[in-house]
Each structure stands twice: as C-alpha cells, then as structure tokens.
Amino acid sequence: MRVTVWGENVHEHRDRPVRERYPDGMHGAVAAALADRLGPGHHVRTATLQEPEHGLTADVLADTDVLTWWGHAAHDEVDDAVVARVHDRVLAGMGLVALHSAHYSKIFRALMGTSCTLRWRNDGETELLWTVDPAHPIAAGVPHPLRLPAHEMYGEHFDIPQPDELVFISSFAGGEVFRSGCCFTRGAGRIFYFSPGDQEYPIYHHPDVQRVIANAVRWAAPAGGTGAAPRNRHAPLHWYDGEAAR
Amino acid sequence: MRVTVWGENVHEHRDRPVRERYPDGMHGAVAAALADRLGPGHHVRTATLQEPEHGLTADVLADTDVLTWWGHAAHDEVDDAVVARVHDRVLAGMGLVALHSAHYSKIFRALMGTSCTLRWRNDGETELLWTVDPAHPIAAGVPHPLRLPAHEMYGEHFDIPQPDELVFISSFAGGEVFRSGCCFTRGAGRIFYFSPGDQEYPIYHHPDVQRVIANAVRWAAPAGGTGAAPRNRHAPLHWYDGEAAR
Amino acid sequence: MRVTVWGENVHEHRDRPVRERYPDGMHGAVAAALADRLGPGHHVRTATLQEPEHGLTADVLADTDVLTWWGHAAHDEVDDAVVARVHDRVLAGMGLVALHSAHYSKIFRALMGTSCTLRWRNDGETELLWTVDPAHPIAAGVPHPLRLPAHEMYGEHFDIPQPDELVFISSFAGGEVFRSGCCFTRGAGRIFYFSPGDQEYPIYHHPDVQRVIANAVRWAAPAGGTGAAPRNRHAPLHWYDGEAAR
Amino acid sequence: MRVTVWGENVHEHRDRPVRERYPDGMHGAVAAALADRLGPGHHVRTATLQEPEHGLTADVLADTDVLTWWGHAAHDEVDDAVVARVHDRVLAGMGLVALHSAHYSKIFRALMGTSCTLRWRNDGETELLWTVDPAHPIAAGVPHPLRLPAHEMYGEHFDIPQPDELVFISSFAGGEVFRSGCCFTRGAGRIFYFSPGDQEYPIYHHPDVQRVIANAVRWAAPAGGTGAAPRNRHAPLHWYDGEAAR
C-alpha cells in the first residue's frame, strides 16, 4: 500500500504552539503514525502545499493508493488544477481520508457536492466519539467511546450527503452532536471523513485516533486496484460477447 | 388518513404519577395531539393491550393507514399472532410509528431483524435532538435543537440496521448520543422510530414532540395505498405483455 | 408549488423530427404535462438556454420550489455563474428533477461530485423500468414494469453516488441494466434523476412517464420551505438557550 | 478465517442430475472452491441439514467466522432453535453469505424482517450480472458483466430492505432485473446475499461465481472479531470514566 499524507503546513510555521506540538509538522505526525501502524511492506510519504504542484504531481498520484488530507488556513491557495487531478484520481480508485478542517477543502467539497458547512466553537471541550457501526473495519479495536479530553467543537447540521456508512457520532460537553466518522464511495474511490484533529490540541498523538486513521487507510485502499477515470462509452449491441472487460 | 394509536396502557394503571400525567392514557394523549394536528378529514382511534386481540383485529388493521405503537412493561404479553398480522400489514403498506420503548417490542424487533438493544439510564437528564436531514418532511418546522429538559437516556450502540434515512440524533447531559429519529422502509411499509416518550416525563404534551409525530404519520402513510402482503410469484416468460400489474 | 421547467431547446431548432415531435419544445411538453397533472393552485413556467441568464435569474429561482432540467447538446454553453446559483438554491431547499441526458449537465455533476458517465447506445430498444421501492411516493400508480417500446440505452456502470433511495431499475433488450430512477438529498434540497427522455422518441408524451415526473416534482418540493444557503457558523457555548433557530 | 459451508443437501439425494453435477454435494463444491481460493491458513468445513442440530452446534458456530447458507426444498425443516442460535451469532459478528434460494430461508428472513419474496421462472435464460459499485471488494476482479449462459430467473420486486451496499444487478433474457448482490450489516455481523446458484445449473463450478463468493467471505469476516450478542445495558452516569469497554 502506498500512502501519501498531505499537509497544508501553514500553522506549523505561523503558530509556535503548533510547531512545538508537531515538530515534524502535523503531516509528519500522521505519516509517522501510519508508517508505524501499517508496518513493513507499505510506503508512506508526505506532500505539502508549499511544494511544486503541492507535491501532488501526476506521478505521485499515480503512485498513491490512499491520500490523507489536512488543510485549514489556506484552502483557497490550493490550485484548481491539482484539485481536479486529485478528483479524477479518486474517481479512478484512489482512497481519500479527509481529516478535521479538510471538511472545507476544495477537494472534499467537490467530491461531496454540498457546502460541507457546519457549526463550530473552539472552547477546548471534551469530545466523545461513539461507534454506531461496530461491524465496520474502521471501528476495529476502537474504544467506545473514544475520549478526547479537549477539542474544538464541530456541530450539526453538517451539510454533507447522507454517508454511505456512518461509523462515529461525537458529542461535546456543550451538548452538540456531530457525524464525526463518515464513509463515502465516489466513482471507484473510497472516502473517509474523520473530524478529530484541530491544530491546537495534540490529537494526532492520541493512540486511538491513530488507530482509526490506520484502519481508514486500510479500508480506503482500492481492493481491485486503481484504473482510468470513468468516461462515457458507446456500447454496441452485445459488446460484451467476446470481451471480459470492465 | 386513518390512524390507530396503540398503547400498552399498563403504567397508567399501575403508577399513579403516570395516570396523573396522562389521565386519558399515553395513547389518549398521542391520539388527541394527532387529531388536533392532522385536522379534519382524518380519523384517529386508539387500541390497547387489554382489548380482545389487543384491539388490532384484521378489520381494524385493514382500516388503518398508519399505526403508532408504545409499549414497555408488557412486550411479552403481546400475542404472536397479532404481531404476525401487524407485520404482514406493514409489508403490505401500512405505516408504523414506533415510540420510545417500542424499540424492544416484538413487532419492531421482527421488522428490524436485530436485537434493538441499547444503553439506558433514567436520571432525568436534558436531551437535545439535532436535525441531521433538514430536507426531511419529518423535520419540517422542528426546532434545532429540540430540547427536552428531563428525559430518560437512551444511548449507543443502538442495535438497529442502518436507517434508510437518519433524521435526528440526540445528545444527553451525561455525554451519550443516540439515533433518535430513524426511517426505514420494509416491504411497502414505512417505519419511523422516534425515541422520546418515557412515561415518567410529560413528553407527549410537548408541542414539538407532537409536531414530529404528526409529521411522521403523514410521512408513513402509504402514498400508493396498501395492497396485499408480498408473496413469491411464478412469472411466465413475458408475463408483462398484456398486463399493467404490479 | 412553483415549478420551473428548464429546456436546453437546441434539438428542437436543429432537428426537424424533434420539432415535429415536440412542437412546443420538449420543455413545453413537460410543462404542459405537469400543469395538467399537478392541477390548479400550482404554477408551472418554462425557461430555456437562449434566454438572458438562461431564464434562471435570481428572482426566478427565488420563486421556484422545484426545477426540472433537460440538456444534451449544449451542456458547455450553460454559464458557470448560473450553475453556481442553481447549486446554491438546491442546497437551500429547491428540488431538482434531472431528466435523461441531464446526467451529464454541469449542475447534476456538481451536485453528485462524480463523473456521471455511463454506457450508451441509440438503437431504439425496448426499455423496461422496474420498481424496486414500491413504498416510494414517486412509484405511486406506476405500472410494474413501465414499458418504453423504443428508447436509447443507458447502461451501467453509471458513475453516481449510491442513491439515497433507488426507485427504478431499467433493463434493455440488449441486456444492459441501469439505475433509472434515483433519489438524492443534498443540503436541504431533494434531487431525482430519471433517465427516460431521449429527444428521438416521444417519451414525454407517455402517460406513465408523465406520472413519474409529476410524482417526482411533488416529492422534491421542500417540505419545510426553502431557506438561505448553508454556511459555517460560530456557535457560542449554549447558543441554543433562548433561541429556537435552525 | 474459519468458514462453515452449510448445505441443505436434499436435491443431491433426490435428483440424479444434481448429484451428477455435484458429486460431493453443492456444499462440497462451494467448500472446495473456497478452500482453494482462500488459500492456506484458513479453515473451511461443511455442515448439512441431516446432521444433529444441522451441524450447527454452539461449538461449531463459536468456531465459525463466516457461514455460507444454501437451502431450497426444506426451509421448514430447519429447527427454530438452530435458527435463533445462528441469528444471535450473526448479531455478535459472524458473517453470513446467503446463496440463491436462501433468500427464503428462515435465517435470512429473520435477519431482513421482510417477506424476501420475489418473482421467478426456471427457463434456463441467460443472466448477466452488472457491477454497480466497482469500488466494492466483493466486485474485485469480477468481469462486467458476469455471464451465466443459463439460469433460473429471479425478478423484482425482491422484498428486502434497501441494501446497505448494492453491488450487482442482474438482467435476464426475458427482461426482468434483480438485485443479485446485496450487502447488509445487522448487529456486528455482515451479510451478503448472492442470487446465483440454482441446483439445475453448474453455477458453483463457474470461476467468476466462485471468485465472488470468496470475495464475499473475506468481506463478511468480522474485522474486530466476534463478541457476545448485544443486550440492553444500564449505564450509570459517566460509566465510561475509568473504562475502555465496548
């Protein structure tokens, strides 16, 4: 499995506490956790906004089974051509794990077709994530509830399509709820949205959060490999005789 | 629209506070609210456990478009033959609105195929119901959140099939969440589960709860009328030529 | 209910057989059928590509509960600003009924987030539409199967998100299948895709096709009215005390 | 992975052509294919109706991760206590792959909550299975379409709950369609219904059918292991402090 961990990498330079919390960047922390948890035989790399083509060249994407995405302060600086390239690649089978404020990234909004807006409040409240689909592989080994002692609140209504599979629902000390773990399939690609991960809290050092992300990467990996982007095709009568094509 | 409000009608006789809260029975309160909110041209009646065949004779069911169900203390006393009759009728198109502890009724469990178990705690906590599908007709006019100042806690994991449409998610002061408004289609019948309504609180006098139940009854009514129970059918080649049948 | 029937209105001018089949335009045929079937008290108008802003000004959209859309030859000529305006309006609650080759329109693709590609063949084959959700209001009164003696083939894989509700599946004489009646909710808006309606066949004169479209318009109308487009909102702690807001 | 292949094993004794087609029983053919395709490290056994407790003792079930089920002529002879035991075990996490006429088995109907009825015709028609969810692991490596030269027709309306994931839709030469590959989650258990496999045709010798069943067994295996059957539980306030329980 080839995983690319994309990080916006802005707060780490702008905000000293974030840099101290994540000396290798938030992407670095996520990548290290994945490398550790996926184990040998898998390849984990990082890419960031500041690299040419944001580090997401056609070659890198062609060599990626699952892409994770974290962005917040600079959604608008992501180039539309790169977004279109990632979009095509997801429809062709690449998995995508969208983390926290990636709910409002160009790529996630393009894939969802909705505004992806929500309510929020950054008061450092306790968040509890409850598993509502215990059979789901992304929930394997995850405590019920998963407790984050302090986190930003994200609340409903979260304007997303009804998830194909809803895995986690969060509650916050202030009373709000949030669909915090959501699976979608778009084209041949699998997408998991997971809301934990505000930069002001050490969320990606939390072992259970790491476990969820590793489970999600495994789940999102293309079972049948990736292919070409879907296209309209003329189908002559009985085209399938003499073929064994998809 | 012909609505039958079924009540177990046990707590009302056993527990003085319940009787004082609901002098006409819990079924009486629900029926009065529906009669008022659905308006003229609709017929609302009640039926209870203590009546012959629990008031759910073949004739009554044939004359019912939507059945609401509340039970708690006496699930086991409901006759299996009546349950089977209601089950068949739902598959043939009758709507069902299952209220609160009806989660564990024979009819709801038979329709779901799961254990319908949950976590619970009766500490009189604040419950907030959040709308996660604002386009849904059952959410029309319902405040976000809908607040119940004191109620029994029902918490996840709630062992139901993934709802076809999830309308409400509740949070409780103690931190739990619950899928409190869930739509299912089974056969030609529409089912709505709505968790508010413990007998120890005046929930069915709450105007917004009444609004939800009235919306649910309208939603669950069979758009194309009710028919016969589904059955296996032999279909000769091109049977549909010369027919216009379902 | 206020319905706007949008027509691309290109084939009607370019292709004599289409003009003869639909002397008032395809949009004219759909609008007449809807006016007839919805009955008095509802307002049906048309809008076309050739009008300023394609007839879809902010005022027209603000005055529209459900928009139907047919396009084929000129998807690229639809202005992106108008698409964005329609998109926002759907998320705010306006219903959308996408007809036939509207599967590849800018607005449908933007709402779905997928390529919306498919297989096709225009050989005038028999198409049978089978109801797989007999409880659904869009299926009310529709024969099983609904038969189109000759139509263009649309076949799987149809690259759409899994529909929130799948109502019809088509088969074609050549053996293909197609998810031909699909419901989606996006934001507060309801969307129905219905595949019948190639311009080379008199599909919109077929009474059962008209029935489906009228059912779909009723289903897609916003139950709770339309509101503002969703947006991110800061939520102070316990903001909901003293409010009754969505 | 521990797989138990359950066979009704009646046609094999009653009908000479079935016995000749499947000299080791239909269950024997399925088990051999699974043993071959799952490879070493997995354990595949069979169980049949005629064994004590139908071969499905508590010990066997406790030692089973995925159960496959084929029945047709003797659904009524399956003991209700065994059905209840299998049901509990599925809710506790055991996977179930229901094959062909198992649509009408007691266990499948109990899990679905619907009548599971359908239309049928045994005229040896060509069946084509089309993949509508190409990202699904059960579709990995499966041709599009998968062709069965001659098979019994199963047609809609198939009275099942809307599948959580719809993977395959079949067409038949006579024009019918059928949702032939359907995923459900019930409790902690995953269920796949796959319609090919009438006893009068050599379906389980077809390599692509075998591939689907092997994929389905892998998909249905419990990612987090199996546990106890779900039950109602009292949850004291803040029970989760000091626990890490499910």
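All chains are identified by letter, namely A, B, C and D, in their written order; residue positions are counted from 1 within each chain.
Here is the rule we use: contacts are C-beta pairs under 8 Å (C-beta built on N, C-alpha and C of every residue); 3 or more make two chains touch, one makes a residue touch a chain.
Just so it is clear, the model here is predicted, and its values are computed rather than measured.
J.: Would you mind telling me which chain pair, B-C or A-C, is linked by more contacting C-beta pairs?
T.: A-C
J.: If you average the CA coordinates per chain, which chain's centre is most distant from that of chain B?
T.: A
J.: Could you label the chain A-chain D interface same or different, taking same to mean over half of its residue numbers are used by both chains?
T.: same
J.: For chain C versus chain D, what separation do you get between their C-alpha means, in angstrom?
T.: Here the centre of chain D sits 37 Å away from the centre of chain C.
J.: Report, in whole Å, the distance between the mean C-alpha point of chain A and the mean C-alpha point of chain C.
T.: Going by mean C-alpha positions, chain A sits 31 Å from chain C.
J.: Give me the residues of chain C that touch two or more other chains.
T.: Residues 128, 131, 133-134, 144-145, 155, 157, 162, 164-165, 175-176, 185, 187, 240, 246 of chain C touch two or more partner chains.
J.: Report the residues of chain C in contact with chain D in the complex, numbered from low to high.
T.: 126, 128, 130-134, 144-145, 155-158, 162, 165-166, 169-173, 175-177, 179
J.: Looking at the complex, which residues from chain B come into contact with chain D?
T.: Contact set of chain B toward chain D: 91, 104, 110-115, 117-121, 123, 153, 155, 157, 159, 161-162, 164, 174-176, 184-187, 229-238, 240, 246.
J.: Using the touch definition from the top, list the residues of chain C that touch chain B in their complex.
T.: Residue list for chain C touching chain B: 93, 128, 131, 133-137, 139-141, 143-145, 147, 164-165, 185, 187-190, 222-224, 240, 244-246.
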